[in-house]
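Across the two complexes that follow, subunit A remains constant while its partner is subunit B and subsequently subunit C.
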Partner chain A sequence: MAHAAQVGLQDATSPIMEELITFHDHALMIIFLICFLVLYALFLTLTTKLTNTNISDAQEMETVWTILPAIILVLIALPSLRILYMTDEVNDPSLTIKSIGHQWYWTYEYTDYGGLIFNSYMLPPLFLEPGDLRLLDVDNRVVLPIEAPIRMMITSQDVLHSWAVPTLGLKTDAIPGRLNQTTFTATRPGVYYGQCSEICGANHSFMPIVLELIPLKIFEMGPVFTL
Partner chain B sequence: MLDVEAQEPPKGKWSTPPFDPRFPSQNQIRNCYQNFLDYHRCLKTRTRRGKSTQPCEYYFRVYHSLCPISWVESWNEQIKNGIFAGKI
Partner chain C sequence: AAPPEPGEPEERKSLKLLGFLDVENTPCARHSILYGSLGSVVAGFGHFLFTSRIRRSCDVGVGGFILVTLGCWFHCRYNYAKQRIQERIAREEIKKKILYEGTHLDPERKHNGSSSN
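Right after this comes the complex of A and B.
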């Protein structure tokens, strides 16, 4: 999860997020390169009193700096499209969980697992114990196995919400009357936090998401039923 | 009218609905609805022919996994009251 004053991306817990982090670094390097090139050129032109007559109305230069940006955009677009289509893959899921947004909590349905349904409310500050996280911890966590493709069906009962877990690279809108599907595979166990990411009213900031990802053997023992 | 209080299917080798190439998009509402319709059509057809409705169990499992429970309850209520919009 994010630590205080963090400005970078969270550590990846899914292959999709690993790809997204790599792409972020790739795009950022290109941005730095272009920014320094442009700033350097601006600096040179602003600090000189001379005029270069070869630069005025130079067709070759115009051609170069029209084609070169197009090539750079392609270099950014190709990996971006690849990741976009990767996130849409369903990958033969092993488990389907439904997440239903309400004002202002999430309901989860494990209908593949005995029909377990529960609500997930943020712990109010008065109920926090030492070690709990303010505005992030909930009364009932979503417990899921790692290394298994999981399908999330996300919808809403009242207004728009968005089910987002940054460390898994997930952000899917919860729209009333629409059933959005997303899949992920977690690669390491732990407790991961997310938050509603679509303004949904006064308590939009107070409907967190907590996923507890555990090894499959332990998940099969059934701790999910002891929530 | 068919009994819409479907029984819970027996425990078995069921995992979760597989990928359905008819519904490849992110929006799975048609997948949910289609399997709900297919289940009730299957029940209706096999009941009329006096055959076992066990093969209909697959459709039940799929829509039970994909559809939010509140949606299913609402549709079942509409079927009971004879005002369900879908064609079964």
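Right after this comes the complex of A and C.
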């Protein structure tokens, strides 16, 4: 879960998120060097007498400032594309869950478990107990096993929504009439939070996503639902 | 600042360059910046010793910093990525070993069986 004043990414709970954090660090280092160069150029501009008005062309400089950004873009684009294709891979999932967005709650279908279907509503502040998280906790959590590839099928029944869990590196649009899929393998047990990430109406902020990730052994003994 | 409450994660020590690059917690960042600084001093001072041009030596120093930092960063990150892949493969193999040891799916048993035939 993110802290109140958190700026950076959350800790990774899936291999994809680890890759995304690695790429984020890589991009930040390149951004740092660009900022450093721009600050130096600004400093020079401010401390130099701008009296040389005879420059009509500077071929070398123009070549450098055309080729350099092209190289920088390639250095960012290649690792980015690698991760993009990694996120699209579907490797024989052990479990498929369908998630349907509504105004303003999520419905989950465990199609592999006899068609178990339930709704997941945000807990209103009056129903919160000590330790519950305001605007984040739900009445029915999605219980899933760790260390197993899971496929999420995501759609919507009314308007655009987006099913997102930052710590797993997941964000998939829920689009009416279209079934999107995403896969993930969680590496750590715990309770993880996400929120709808596409403006979907008045209560957009009040349809959180809560995943309870438990070891496969416990999951196989019977899904633990807080119904 | 108020002490952290029980259950609240401890604040991690961090040094952020230009307010965003976390040098303490980003693998390879510290090495790259330090080597870049050294490269900057060597390139800038070396250029000054040969040409005695102060302004141009500063430019060379900044260029040296950027190039050496980038070079070190790519080298270190490449090795880091390779190490992470090896770690992941090892983890998977250990998991498989634990899962299949003693069963007919054990790769070692299969191997031994085929070699004895």
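As a working rule, the second predicted complex is superposed on the first by the 215 of 227 C-alpha atoms of A that agree within 3 Å, B and C clash if a C-alpha of one lies under 4 Å from a C-alpha of the other, contacts with A are read in each partner's own complex, and residues count from 1 in each chain.
To be clear about the criterion, a residue touches a chain if its C-beta (ideal position, glycine included) is under 8 Å from a C-beta of that chain, and two chains touch if they have at least 3 such contacts.
These numbers come from a predicted model, not from an experiment.
Upon superposition of the two complexes on subunit A, no clash is found between subunit B and subunit C, which fit side by side.
Shared-chain residue A:G190: touches no atom of subunit B or subunit C. Once the two complexes are overlaid on the shared chain, A:L33 sits against subunit C while remaining clear of subunit B.
Of the two partners subunit B and subunit C, more subunit A residues are in touch with B. Looking at the shared chain after the overlay, A:P215 reaches neither subunit B nor subunit C.
By the document's definition of touching, of the two partners only subunit B reaches A:L95; subunit C does not. Judged by the touch definition given at the top, the superposed model places A:P15 against subunit C, while subunit B stays out of reach. In the superposition on chain A, contact of A:T155 is made with subunit B only, not with subunit C. Shortest separation of subunit B and subunit C in the overlay equals 18 Å (C-alpha atoms, whole Å). The touching residues of subunit A, when paired with subunit C in their complex, are 3, 8, 15, 18, 22, 25-26, 28-29, 31-33, 35-37, 40. Subunit A meets subunit B in the complex at residues 88, 90-96, 98, 100, 109, 111-112, 115, 117, 151, 153, 155, 157, 172, 177-182. Contact residues on subunit B toward subunit A in their complex (touch as defined above): 8, 14-19, 26-29, 31-32, 64-70.
The part of subunit C that touches subunit A in the complex is made up of residues 9, 17-18, 20-22, 26-27, 29, 32, 62, 65-66, 69-70, 73, 77, 81, 84, 88.
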